[in-house]
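In order of appearance the chains are A, B, C and D, and numbering begins at 1 in each one.
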Amino acid sequence: MDGGDDSMQKIAVLTSGGDAPGMNAAVRAAVRRAAYHNVQMHGVYHGYEGLMNGHIEEMSLGSVGDIIHRGGTILYSARSEAFKTEEGQQKAVEQLRNKGIEGLIVIGGDGSFRGAQKLTEKGIPTIGVPGTIDNDIPCTDFTIGFDTALNTIVDAIDKIRDTATSHERTYIIEVMGRDAGDLALWAGLAAGAESIIIPEAEQSMDDILERLHAGQRRGKKHSIIIVAEGVGSATSYAEAITKATGWETRVTVLGHIQRGGSPTAMDRMLASRMGAAAVDLLLEGKRDRMVGIQNNQIVDVDFKEALAKKHRLDLSIYQLARTLSI
Amino acid sequence: MDGGDDSMQKIAVLTSGGDAPGMNAAVRAAVRRAAYHNVQMHGVYHGYEGLMNGHIEEMSLGSVGDIIHRGGTILYSARSEAFKTEEGQQKAVEQLRNKGIEGLIVIGGDGSFRGAQKLTEKGIPTIGVPGTIDNDIPCTDFTIGFDTALNTIVDAIDKIRDTATSHERTYIIEVMGRDAGDLALWAGLAAGAESIIIPEAEQSMDDILERLHAGQRRGKKHSIIIVAEGVGSATSYAEAITKATGWETRVTVLGHIQRGGSPTAMDRMLASRMGAAAVDLLLEGKRDRMVGIQNNQIVDVDFKEALAKKHRLDLSIYQLARTLSI
Amino acid sequence: MDGGDDSMQKIAVLTSGGDAPGMNAAVRAAVRRAAYHNVQMHGVYHGYEGLMNGHIEEMSLGSVGDIIHRGGTILYSARSEAFKTEEGQQKAVEQLRNKGIEGLIVIGGDGSFRGAQKLTEKGIPTIGVPGTIDNDIPCTDFTIGFDTALNTIVDAIDKIRDTATSHERTYIIEVMGRDAGDLALWAGLAAGAESIIIPEAEQSMDDILERLHAGQRRGKKHSIIIVAEGVGSATSYAEAITKATGWETRVTVLGHIQRGGSPTAMDRMLASRMGAAAVDLLLEGKRDRMVGIQNNQIVDVDFKEALAKKHRLDLSIYQLARTLSI
Amino acid sequence: MDGGDDSMQKIAVLTSGGDAPGMNAAVRAAVRRAAYHNVQMHGVYHGYEGLMNGHIEEMSLGSVGDIIHRGGTILYSARSEAFKTEEGQQKAVEQLRNKGIEGLIVIGGDGSFRGAQKLTEKGIPTIGVPGTIDNDIPCTDFTIGFDTALNTIVDAIDKIRDTATSHERTYIIEVMGRDAGDLALWAGLAAGAESIIIPEAEQSMDDILERLHAGQRRGKKHSIIIVAEGVGSATSYAEAITKATGWETRVTVLGHIQRGGSPTAMDRMLASRMGAAAVDLLLEGKRDRMVGIQNNQIVDVDFKEALAKKHRLDLSIYQLARTLSI
């Protein structure tokens, strides 16, 4: 495919759901790739909410200059209750039809893809690009934003370790991840945390305490425990540990710093490849599909297939983390 | 003073209280400066607790190699209740006497300096070096660790602003500073926060809300509010704002990441200058004094004078911040 | 001064010379401070070159939103030969007169201030704000951009030290600073460099070699030498050292990474204070003056006085660095 | 494999060749994994040079505490001419035999693996772990250190872009990569460079100039060109461009900062998985093999096979970069 396709002349892109570092790089790639194919690209502002309200503007090459390294999304994001209704969806379709826009790229998570499916059903071809820090989308090895959030967390744990080492206390750090423990697990392994508590692996308080005591017997003077928010609050773990051991504990809830920051090289790469691929797919006549990366190659899978599956965390990494943090 | 002084042959250094980035650079400077004067330097581990228990070791030039850029403190820190007693202080003096140590450098905050005063009273000359991220020590323009903590906070706010901009919400960020608003004020100004709430300046909820509404009228779609922990919890401010406006709010409590990290250039400079000066002062026969920096020059002031004063925040900076965040 | 002054209604700001991190924060502060005084602010694009060509636009509050943390300058910078002529300066004055602009803020280095003086002579009141990474402006303790460049250099040296330690070689690092050794000296001290070679202190090759050999005798397995570009090229030092010792050397010329990056908290503070002060001074009727910071307080000094003096490096810091890197 | 294997009781690990961020994480994982299997791990200092000279010490769990985040290698690295001789290799084997060491893990690049092959031939089982920033080892998708170096380069380009944007010049940046263009290509795509010059894709000066001119026609005011060192010096490209266009150019040679720095999360993960796998393989009786990662899974391949192949860069990424930087 080199140099354009005349089946579509106007397409659009939006970002939806929780923002993720790299979304801007994906938007840039989509705009530039469309220009390469001589197709007009439009930006939809404020996600599905803006789509319903016709907040749509043509994007030039220059409009995405100097954004590849910026966190957040220049198209803004929003959650929309109205778009979940038949009426809202109909309104969105009309806005696109009125502007002559023939296809839509949706950058977001699984909720956003469900919205995209509805639009395809109503006659607007859509392609999804997985953008979420949680890495919880099936059929893709990585999502845009995961690597950046991971490094933000690891950097934070490194800082906490400095003070933990100086003070010989137990620190409990809560990271994002409602259903998926990927951020907690990878960050915990990368930062050498003593315990990692994730939804995918049951861990009793007895086991956590046993590991803390074993570390202490080996001479460890401080411990770092990572908790995925989906498992419970860091505070409740801290209280339980203090009650059982009498040790001083300190809690940090990393919060929204995990969503921001300049994207890492990997996230910019991934976003650039996926954003461009989404345009290629639309122009090839594909729809109702999600771009993914599998084995370092860009793939595309049916939304239905992707949304039916459950994202799986690699438990061998969890086992490895346990043997390395002794 | 070039090349040694024979009044003291053995001195020691300890770190005490909350650790601060740059403490290692100060320890390194003290060790190297002592070597330059041909004086033997000892390290006391675990602050006053370790001092009472004789946890003291000679430090070579090599023992402080490759630490200037490390957060935390290689001497560890601790709080000690026992040292607050007459008996504890006596024990500490004996430990120093037994080892022939004639003077002590104490790197820490005002609580640590009160301990140092006690030792001077009992015949051990002491010199204090202000090491705390809070910048709450009188008679010095800056304390070791403040600049690093400030940059850590500003970096965190920058990240949160990325996501705030994308989502158009109000974010409330709680930073350290029990009695002093320096971290909150400087970080708030440097990161362009819409409101800064500090102990030194009363600010009614009405005023906060008025600023939020004024920003909204001018087209601002998100707001960032910084709260010093001494004023109240970020959560309570968030609840009050949501109640009054109906807007979505998000809270981040930065916690212990503010204490860690590789020290900035400024903190390494300050720590190097202060650590070396402390050795010079001890060897010049001074005692019961604190090193400070005033007008970019190293000074020394009487502990009594320093501890009697109250640290003062520059309110003109607070006023400036208010005019710039409109 | 609270709430406006009616002597001037329209003023402008430009950035000139080598760009420095924090220039955007200074522009933002100037725009916001002018709005606070109900004065209209204009931005001049591309420095004096743009001024002559009338590249001037009104700046709104929103035009400086979300720039406080950005490196570079949104007003662009340029060097202009044409502006050095009488004719060029006359053209600039006319452009300002035509637009009704009554005063000008110039953010840049000493060359830029000489241009500002010419404009004042021709009837346009000017105020200078020192923005340059070199810290080579007299009458101010710090210039905007110095702290950021310093941290960029220190971060680079920290990285090189990792590999230096692993490989036991001698690394020579060339940093910016044609006439001023501040960046080299402060970075060298903060990063624990073994030798620092600056224009302000003569250092013979014999002295450099003696220090290298002394380090080796003490067991040091690698050395890092910082050279200010004004003294000579890192490559020539590397060759001389290899020739004299037979040791492997590696050269890094840091180059333009030193000019970029998000400004540090200190640079944002300094820029915010100086940018706002420049507006206040213009409105107070002052002209032909430079804003400075002395003893942490904003001051203003006559251009003539400032440009007649020579920036002085604190040689006691150089002496200190020598005693600490043994 | 859970809980040990009694075929080997003592094994060792060394790092060799150019150091790479993450080597420490790999050493830590090897030591911890050996402890998990109740096998004694030894560290060989200074690579093959130290191996020949018996610079070998037992490593405890504590000896690798607090190193997962450190750049460089605590085992040091070195290049050894002596080890390339039959005599040198024999000496190395004797040192291992004398200490009862039955297997060796070699962390390094292809040159280091050739040395490992020689040892296996002489009866010492070896397993290789690919550690090099260049990503130029066949049979593995990534090498330890690549992701960190990539981010260091991208961060440097981001900084240079700040000043490039302000000044509207052409910047040429030379990055590491003698035979492999991976660093240049990935960094160039991730940082949005206008041109990327790599050994794997011929690019005439005419093509480079045509792209520069096309960018200028579209309104681009500055350009960034990335050159892999294997293709030629940045300086020579700069001179050719200036000669052909008359434009101002600036050159930066990033040099050894690319080898240092705290490893990214990905590099720590990769190093942890590979270091642990190397121990598992040795204990399973495998030898003469290299650990790799393919499709996110740890694999092992014969040294002979790996060294016979040529690393291949994905040229579709090069094509993509060209379409996105228009």
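Keep in mind that, in the parts below, contacts are C-beta pairs under 8 Å (C-beta built on N, C-alpha and C of every residue); 3 or more make two chains touch, one makes a residue touch a chain.
Chains and their UniProt names: A, B, C, D = ATP-dependent 6-phosphofructokinase.
Because the structure is predicted, anything quoted here is derived from the model rather than measured.
One simple way to say how far apart two chains are is to compare their mean CA positions; for subunit A and subunit B this gives 36 Å.
Computed from the mean C-alpha positions, the centre of subunit A lies at a distance of 39 Å from the centre of subunit C.
Among the residues of subunit B, those in touch with two or more other chains are 158, 161, 165. Taken as a contact graph, the chains are arranged in a single closed ring, with each chain touching exactly two others. Listed by chain label, the pairs that touch are A-B, A-D, B-C, C-D.
Taken in their complex, subunit B has these residues touching subunit C: 28-29, 32-33, 35-36, 61-62, 65-66, 68-69, 141, 147, 150-151, 153-154, 158, 161, 165, 186-187, 189-192, 218-220, 262, 264-266, 268-269, 272-273, 276, 294-296, 314, 317, 320, 323-326. Interface of subunit D with subunit C (complex): residues 15, 19, 21, 23, 70-73, 76-78, 152, 156, 158-168, 171, 250-257, 259-261.
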